[in-house]
Structure formats: C-alpha cells, structure tokens
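Shared between the two complexes below is chain A, which pairs with chain B and chain C, respectively.
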Partner chain A sequence: MFPDQFLFGVEVLLNGLMAGVLYALVALGFVLIFKASGIFNYAQGVMALFAALTLVGIMDGQVPFSHLINALFGTDVHHFGWHVPAFAAILLAMAVMVGLAWIVQYFIFRHLVGQEPIILFMATIGLAYFMEGFGDMMWGSEIKKLDVGIPQGGSFWIEEATAFLGGSNFYGFFIDQLDIVAAVVAIILVVLLVAFAQYTKQGRAMRAVADDHQAALSVGISLSFIWVLVWSLAGFVALVAGIMWGAKSGVQFSLSLIALKALPVLMLGGFTSIPGAIVGGLIVGVGEKLFEFLIGAPFLGGATENWFAYMLALVFLVFRPQGLFGEKIIERV
Partner chain B sequence: MKRLATATVAAVMAAAPVMADLVFPSLSYRTGAYAAGGIPFADGYADYMTLLNERDGGIGGVMTRILECETGYNTEKGVECYEATKGEGALVYQPLSTGITYQLIPKATADGIAIHSMGYGRTSAANGKVFSNVFNYPANYWNGASAVVQHILDVNGGDIKGKKIALVYHNSAYGKEPIRTLEELSKKHGFELSLLAVDHPGQEQKSQWLQIRRERPDYVTMWGWGVMNQVAIQEAVNIRFPMENFIGVWWSGSENDVLPSGDDANGYKAVTFHNVGNNFPVFEDVKKHVVDTGKAAGAGDQIGTAIYNRGFYAAMLAAEAVRNAQAIHGVADITPAMMLDGMESLEITEARMAELGMPNFGPSFKVSCENHGGPGTVGVAQWDASSKTWSLISDFKETDMSVIQPLIEADSAAFAAENNIAERCN
Partner chain C sequence: MFDQAESFVTADGRTIGSVMMEMKNITLRFGGVVAIKDISFDVREGEIRAIIGPNGAGKSSMLNVISGFYHPQEGEVWYKGARRPEMKPFEVARQGIARTFQNIALFEGMSVLDNVMTGRLNHMKSGILSQAIWYGKAEREETENRAVVERVIDFLEIQHIRKTPVSRLPYGLKKRVELARALAADPKLLLLDEPMAGMNVEEKEDMSRFILDVNDEFGTTIVLIEHDMGVVMDLSDRVVVMDYGKKIGDGPPDEVRNNQAVIDAYLGVAHD
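For the complex of A and B:
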C-alpha cells in the first residue's frame, strides 16, 4: 500500500503523459512543414479545425456551403440524406486536405519562393484567417459531435486493477480511453513518418529539400511536388489531431486554439525534430499537470497550466535555444 | 442652371420628412471561438425586431433597425463597436460579454445611453441608485449562484451542512463573479466550497477533473462559456460524475454544451431566467413573417434553442421598454434618454407576455429607479438526451436576497466611492 497522495501524483503524471501526446500531435504538423520549407505554419491549428469540420461534414452528409446556396437561390438544402462510414469519410477528408495542400502551394507559396521567413509566416497568418472563415461558410459554425468509434471515458479495468494500491480514498488510476488511443495513434504516426522519411524515395527527397533547397533542385528534385507532399502530410497530421481533440470537445471553432498548446512544445523540442515534438509534448504535459497538482491548485488558486508550459519552454530556451532536439545553427564568418 | 438644380435638390431633401427608426445595436460575435453561443443570441435578437417590423410595422409605428457589429467576444473590439454605433441614435446596448460591459459602463453613462446586461456583466449594477444607465433585469450572476444552492437545498430537504460543492469556473471576470456569493452561502448553510479555475479557452481540463475525482464533491456547479462547457461535461461523464448533481449557470446551459456528449449528458441541469423550448405561439409568427419570407437572421433552425430564446427574450424586453417610453413621453420616435425612462419603469406581467404570445417565457417583474436588477427569480432546466430538449423542472423561484442584497450594496458603494458618484433616486 502506498500513501494516497503519492498515488494521486502518479495518476497526474500518467495523465500528463497522455495530455502531452495530444499536444505533440498538433506540434508534429508544425515540425513537418518547418523542417521541409522553413515556414512556421501559423495555420496548423486551423488546419486541424478544417480537417475535423470536413470529416464531420462528410460523415453527416452535410451539403457544403448550404447557407450560402440557400441564401442565393432560395432553396432549403442542408443534407444529402446519407451517412458516410467513418473510415471512408476519413479517406475523403484526407483527399480534401491533399487538395488544400495543392491549392496552398499553387496559389500562395509558389509565388513566395525566396522571400524572407517573416513574409512566409505572414502568409500563413492570412491563410489561417481565410481558412477559418471559409470553413465557417462551408460547414457552418455550430458545434458538431464527432463519433468515429473511439472509446471515451475512464478505463474501468485499469481503475479496478490498480485500486488495491492505495487506501479507501484511492479509486484506482484514472486514464481516459481516448487518451490511450491517442497515444497508440501518435506512436504509429511517428513510426510511419520516420519510416517514410528514411526508406522511401519521396521521403529521402523531402529530407534532401530540408537540408538544402538548391542542392536538391540541382539533382532534379521538384520543390513544388515536395512542398505539396509536406503540406499534405501536415494536413494528415492535422486531421488526426482534429479527430482526437474533436472527439473530446465536439468539433467547433475553438479547436484552432489548440495550436497555442503546441508552441511551448515546439520551443522545447525544437522546430525541426519529429522525436523532439513527442518528447517536448510529454515534458510539457507532465510538467504542467504536476505543477498544477503540487503547487498551482494548492497555493496559487489553480489555472497555472497555460503560463507554466510557456515558462518551462522559456527556461529550456535559455539553456538550449535550438530546443532539445533542434539543429544547432552555426554560422561561420 | 446647374447651381439652380443643386439648390432645388437640397431644398427638396431638407423639406422631406426624415425616416425615423429605433436603433438597437447588436454587439454580436459570429466568428471565433465563442461563435456557437454568439450566433443564436444575435439571431434571436434580430428575428424579434424583424418580426415587429414585418407583422406590426415596427413599434408604435416606428420601424426598428438592428445595427450589428462583430466583436469576436473581444473587449477591445466591443468598445470599438460601441464607439462606431453610438452616434446612430442607439437606444440600448446588449454587449453580450462581461468584459465589454465593464468597459462600457462609464462610457454609456457619460453618453446617456442604456446598457442591458441580462444575466451577465457587473452584478452590482442592479443598484440603480449608483448605476443610472445599467440594467441587468431579470436576474444576475449572484441570483444564479443562489439558485444553484437553493436547488441543492431543495433536493436535500433543506439541509446541506457538510456537503461538498465545487465551482468549476472560467478564469475571468465573468467566471469569478459567483465566488463571493457562494462563499457567503457556504457560511450560511454550512457546505464546503472548493474553487477550480479553468484557463481560457478550457480545451484541456484534466487537472481540474482529476481533482474533482479525488475530492469527490457532492455537487459541481459551473460558470463556463464556449468550449469550456463541452469539455467539462465530457470530463464529468468520463469520471462518471452523476449528471443530475452537475448544475451550470445559464451560460453553461445550451444545446451546444450537452450535444457533444450524447446520451451521457442526460440529466445535466442549468439554472435559467427564461423559459426553454419552442412551444410558444409567438414562434408561429416568427416562422410565418420572418423565416418563411427569407428575412431570418440565420437559417431559422435555431428557434427554441436556449440561447436563441435568450436573444429573443432580450429583444422583447427592449421593445417593451420602447413602448413604455413612447407611452410616458407621448412620442413614437424616442431618444436614448427617453429609453432610459422606459427601462427604469418597465413592468412585465404574465398577462402582457401571454398577449405577446410568450406565456411564462420569463418572470413577471417591475423595474424601479432603485432596482435595475428585477426580481432575481430563477428556474432550473434539465437536459433530456433522448428527446434532445431542455425542460424546466422548477418555477422561477426567489433567490436569497438576504445574502445577495448586502453584497450588491457593498460592491456598488465601493464603485460609487471610486468614481465619486452621488446616489440618486432620493
């Protein structure tokens, strides 16, 4: 038997790890695009929102732009009347995200090649606001329930199997089933992304572009294709993040704010490392939850998680400006 | 010749009667993280005014005009909207944000324009002796907090000594409003109060709900808005907290908040100061004159939802205040100063609500110079997940004014002292 307070601390730590995985899922999208093109994609949170909106819209058979169509033509159409199974809807949503990647590349970034990073960053801010409004017009702004069959709620068997560890005030460890699924999905995603980058022709080309654009161009790699590929991958990661976060809170416009949770993760893990995003996410998740449990709630009135994550990231920045796994920039005179 | 023509046109324009209208600014938020709550309120408010124009030819023969301005639930933008619209003859502002309301109180007071912060804003504005231009009838946050405790007392036979109640609140001026009242009520009734703050936007609340799971309160009450509500209800479901013991304030009691949790949200409760559902004759008129004619502010599919009804109710109260002002002054095209008179002596009776096709839509009440807060009567609604409807499970009951009134007096006295305001209504 362990003291209850210790077990509660372990429970908080486990839940912090799970929350960290969800943060890392968002951060991964930022890393993919930054690594390959040097663009800090401000629109990554909105991409997660747009992907989730599209998924629910397809699943529910919603008519895109129905409010606009009805207003223009005096019709009253809202739904096609069919329901698309989750798996097929995910594939269709992914196809939409690939289309979006092509549009973004063709209409925006193709014209900005060679511009300063701040210009590219500003372009992504514009993209974020455009996509938010476009998503609203396309799918409506009401909150939508997202059910792709992921289980939710406490895992009874974990609670029952661990209840004996503590006294009468300890009810076993609480771990949300959705968080467990998210952790498994994140692991698979990282393995797939790393395998893609290491063992496929396109992956190697992507790494070559990330290392040196001009050298990659000189050996015949199409920059345009690689950037569409990278934005598509980021769209896929955004879809996964949108599914996980959307299942927790319903699909709604505040979903775009999950990007705020990814920033300290990126500062900590580095903007160019896929494992860094995961480790950074875990450190932020555990750090903020333990701080809230040990200091925030008992002594500071709670609600410390948002600022603590950034403070933790800032402390790391002081000692490792490139983040834990980021590439150290050495410029020789 | 050209000069003559110009002079003729100018003379005709000067001689033509000015088309008067009654201007109601709507500080709405149809975009951003809180849009799901902002849209139905703005739609309800606009649809009622459109109904009056289409069915009755306005109020007292003068057409109403909604001036909508997007705030994005952002205080700075809200103030910009106020400044941009006040010169249009604005009669009353509904800021729909506690933060914006706080900023507008001194401005609107200086400009002689009324603010109606119904169920939000600065609670002590109920004291008309200090807040001449601010009204928060028929109920405020402190009535809401008292109603939650009153409901818990009711289901426990009047004795909640030793019970634990947790407040999960949005870590903002809005979310902190009920704390003082709950602390006073905790002393009075002997329950143990714990406070759990959730930072904006509230997408991640694992820490707070693990704490609730550890501390096992008997009841949880919530002062949330936006995504915070949906996440809190889902987290409560996750830890298997009994939904009938989870009671939100009215801003945590819309369909948006419970639908994402599906059947598991069944039994969740929320206090409310107006009725719920679409079973009111007035909505037939809205369908006929507003929706079917293509003049609805939205798609017409929000009628009867909790926040649409709130916007609709707010518009009805504004329109009734205009009628009252027109009767007092004998003028149809009233000024903002006349509107203040109309609001300050407004009387809403059950007979009048029935006449408007809104029987028992809200409480009967009378506003006075001293009391801008109305009766503070509050009911409790409960969510039925199978029919996806809210239903009132109690009447609009009186709240504990013996606790609330001294708090209102103290807070408004502090405001008066800070701002050198002499009490009126003497």
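For the complex of A and C:
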C-alpha cells in the first residue's frame, strides 16, 4: 500500500511519458530534414496538419477543392459518397506526402542550394503558410473528427491490474489507450528509421549526405533524390504524428501549433540526433507534468505546462547548447 | 604525337593503351577570371597522367571539370569515344570516375569501414523497398560489396582502423581512407587532387607506393595533381604542365623537365 499522493504522482509521470512520446514524434520530423539538408523545417507542424486533413478527406470521400469547384462552376459537389477504409486511406495519404516532398524539392529547395540557413528557414516559413492555406482550400477549414480505429479512453485493464497498490480511494492508474498505441507506434517507427539509416543503401546515402555534400556527390549520390527521400520520410512521420494528435484532439488548425512544443524538445535532444528527439520528448513530457503537479499547481497557481518546456530549454541552451546528444560544436580559431 | 587508338611503350617500358578521355579546347571562366584557357590533352588507358604547375595555375579547376563539379564555358569532354554531355558530379561518378579532394572530403561522423562502403553505393542495385525490408538479393549484395571493401582495406593497409570514426584519424591516414573510398567504387578513371599534400617524407613514400600498386594491380587509369616535382617525375608516365590557366608543356617526364617554358614557370621569370 502506497499513499495516494505518491500513486497520483506516478500516474502523472506515466501520462507525462505518453505525452512525451507524441512530442518526440513531431521532433523526429525536424531532425530528419535538419540532419540531411541543414534546413530547419518550420513547416513540420503544418505538414502534420496537412497529412491529417488529407487522411480524413480521403476516408470520408471528400471532393478536394470542392469550394473552389463550386464557386467556379456553380456546382454543388462536396462528397463522392464513398468511404475509404483506414488502411487504404493511410497509404493514399502517404502517397500524397511523397508527392508533396517531390514538389517541395523541385519547386523550392532545388533553387536554394548553397544559400544561407536563414534563407532556407524563411523559405520553410513561406511553405508553412502556403500549405496551411492550401490545406484549407483543398479540404475545408472546419474541425474534423479522425477515427482510424484506435481505441480511446482509459485502459480498464491497467486500472484493474494496479488498483491493489493503493487504498480504497485509489482505483488504479488512468492511462489513455490512445497514448499507449501512440507510444508503441512511435517506438516501432524509431526502430524502423534507425534500421533504415544504418543498414540500407539509401540509408547509408542519407547519412553520407548529412555528413558532407561534396563527398557524397563524388561517390555518386544524387542530392536531389536524397532530399526528396528525406522530405518523404518527414512527411511519413508527420502523417503518423497527425494521426495520433488528430485522433486525440480532432483535426484542426491548432494541430500545427504542436510543432512549437517540438522546439524545446529539439533544444534538449539536439537538432541532429534521432535518439535525442525521443529522450528530449520524454523529458519535456514528464518534466512539464511533474513540475505542474509538484510545484506549479500548489505554489505557482498552475498552468505552468505552457512555459515549463521553454524554460527548461533555455537552461539547456546556456549550459549545453548542442543538446544532450547533438554533435559538439567546435569552432576552430 | 601518337595515334589515338594505338597503344605504345614508354621510356620505362610500360605499355600505355588507347585514348580513354580527351579534353578538347577547354575554357573555364569565373566571372571575368579565366581559370583555364583553351587547354587540350588526352588520358590513355592504364597510364598515370600528372597535371603540374605553380599555385593558381588551374590544376584543381581542371580536375573539377573532369569530375563534373565545374562546367567549362567552351570546349568538349570526350570519354570512351563519345562526347560527354554536361553532367552533375554524381552522374560522372556513376560513369566510373572516382576522385579524392585536396582538402579531404570524408564522412567525418562515420567509421572508416562505413566511409569505404559508401564507395560501393553505385554497385548496389536493389530497389528501395527490398532494401528497406532487406531480404534475399539486398542481403547477398551487401555481403558481396563488403568483400570488395575488405579487399581494398587490406590492400591499403588500414585494417587496424576499420572501426575508428574518421574524425579521430591523423591527416595522413585520412588521405589513405579517402583513396580507399575512391578505389572501392572500382573506378575506370581515378582522379587524385594533391594526394601527398601536407605529408611527411615517409607518408609520401607510402602513398607513392600505393598509387603505383593500384595502377599495377587493378590497371586503373590515374590522373593526379601534385606540387612535388620529384614525386611527379617518379610516378607519372606523361605530364601536363599548366601555368596561369594555360598549357605550357605536355609529354613524358624527361621531356617536360627540360622544357624551357616549364623551367621558367617554376623558377619564376618576369612575364611580359
């Protein structure tokens, strides 16, 4: 038997871990593109929103650009009248994200090779706002419900299995099943990504491009191909993140703002490390929940979750600017 | 001087094959600066061809033209009997032309083994999906390529540092790893940009030996740029001499050594 207060703390910790996994998913998309091309992709969050919008649109059989079509031709189309099963819709949405990766590379970044990082960054800001508007135009701006069949609500199994830990007022740990699924998916995703980077031809080429462009060219690697590949992978990660966040809180504009939560995660984990994104995400998730529980709510009037992650990141920036796992920054004099 | 298609025997008794690559009237400008001015020369199968000249003569620019990093405004590059269209560096590499860089361009974050493995990328044919799932063909390919890489590593005597991250290696060994990566691609033509720059005497001797062995053992045609006249004269079959972007000499080492224009360029004579 443990005191209730302690058990509640453990529950907060577990929920923090689950939230952290979702932060890590978004951060992962940033790391992939930054590592291979030195581009900090501000549009990663919007990509998650766009992916989720596309998925819902396909599943519900929505007619893309229906407002535009109706306005131009005076028609009244909105739905095809069919429903696409979740699995097929996910594959189709992935195909759209690959197409998007290709468009981004050939119409934007191909023309910006060798530019300053700040210019590349500005380009991704432009891309973010363009995609936001484009997504609205394509699928409409109302809040949509995303249901790909992931179970939601507290897990009774876990509640029953842990109820004995506390007294009569304790009913077991409350953990959302969706969070558990998200955690499992994120872990599988990371294992697959790492295996891909380490053991395949394209993965090796990807690491080579991330390391040295000139050397990569000299061994016959096409930079354009690798960048399309990397944006596709980031699109895939965005789709997964979009599904998880979309299922949790509906597909709406605020989805793109979760990207901002990925920033402190990246500062903690380092912009170039895949494991760093995971650990950083977990630290932010657990940190903000525990801080709120232990210090925020009792002493500071609560709502510390909004700023705690940034505060933590600031402390890291001062003492360890390369993050936990990032490559060391050594400036030769 | 010689018939294009015919092989001939050099003064050292080495047999040199037919023309593999020909540069025709290459001119390269950067804005108003002329880096290469109307230069023509050929490279023959199996030879070691050196390009020498004082600093800023345009030697590296010439190598960059061959490897597709620079595109000349005028002139033609002929490779294996056909005019080569303007190509990106990675396309040139896929044609069997490997290179090293003056300032070493290695993948610093990877191990020596991984670096050399990247040289095999173009010999792996498996599609992206089978690679991702990594079964059958892809796995067999990986094993075969690994065997080639191990042979190159043995050949250049870098077994002891196979697993070491490149960033930890001293300069001389990095140069050797870069050569290993180029060799792993099994190139028809190998371009070496100052392979001995910044090395001590012992390292230079080692590198010279490796270059000769590569040429002997694999029959690889080599074009190299070098400052050290002694090394060039010992290694190469034929030498192109450049100065201020122009070609001032071309021929076997002995002939070039006694060329008045070359002597002037190296000793420094007032240009009028």
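Here, the second predicted complex is superposed on the first by the 333 of 333 C-alpha atoms of A that agree within 3 Å, B and C clash if a C-alpha of one lies under 4 Å from a C-alpha of the other, contacts with A are read in each partner's own complex, and residues count from 1 in each chain.
Heads up, the rule we're going with is that a contact is a pair of C-beta atoms (placed from the backbone, for glycine too) under 8 Å apart; a residue touches a chain by one contact, two chains touch by 3 or more.
Since we're looking at a predicted model, the values are computed, not measured.
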item: Simultaneous placement of chain C and chain B on chain A, clash or fit; value: fit
item: Of chain B and chain C, the chain that contacts the larger number of chain A residues; value: B
item: Partner chain(s) touched by A:Ala208 [first = chain B, second = chain C, both, neither]; value: second
item: Which superposed partner A:Asp176 touches (first chain B, second chain C, both, neither); value: first
item: Partner chain in contact with A:Phe196 - chain B first, chain C second, else both or neither; value: second
item: Partner chain in contact with A:Ala19 - chain B first, chain C second, else both or neither; value: first
item: Partner chain in contact with A:Asn306 - chain B first, chain C second, else both or neither; value: first
item: Which superposed partner A:Asp60 touches (first chain B, second chain C, both, neither); value: neither
item: Superposition-derived angle with apex at the Cα centre of chain A and sides reaching chain B and chain C, degrees in steps of 10; value: 140
item: Superposition-derived minimum Cα distance between chain C and chain B (Å); value: 35
item: Shared chain A contacts, counted only where both chain B and chain C touch the same residue; value: none
item: Residue numbers on chain A that touch chain C, as the complex places them; value: 196, 199-205, 207-208, 210-212, 214-223, 327
item: Contact set on chain C toward chain A in their complex; value: 67, 69, 88-91, 93-94, 98-99, 101, 105-110, 114, 117-119, 121-122, 124, 126, 128, 131-132, 134, 138, 142, 181-182, 185
item: Chain B residues touching chain A - in the complex, by the definition given at the top; value: 30-36, 39, 171, 195-201, 203-204, 206-208, 210-211, 213-214, 226-227, 230-231, 234, 237-240, 256, 259-260, 262, 264, 294, 299, 301
item: Touching residues (chain side chain A, partner chain B) in the complex; value: 8, 11-12, 15, 18-19, 22, 67, 70, 74, 78, 132-133, 136, 141-147, 152-154, 169, 171, 174, 176, 245, 248-250, 252-258, 261, 288-289, 292-293, 296-297, 301-303, 305-306
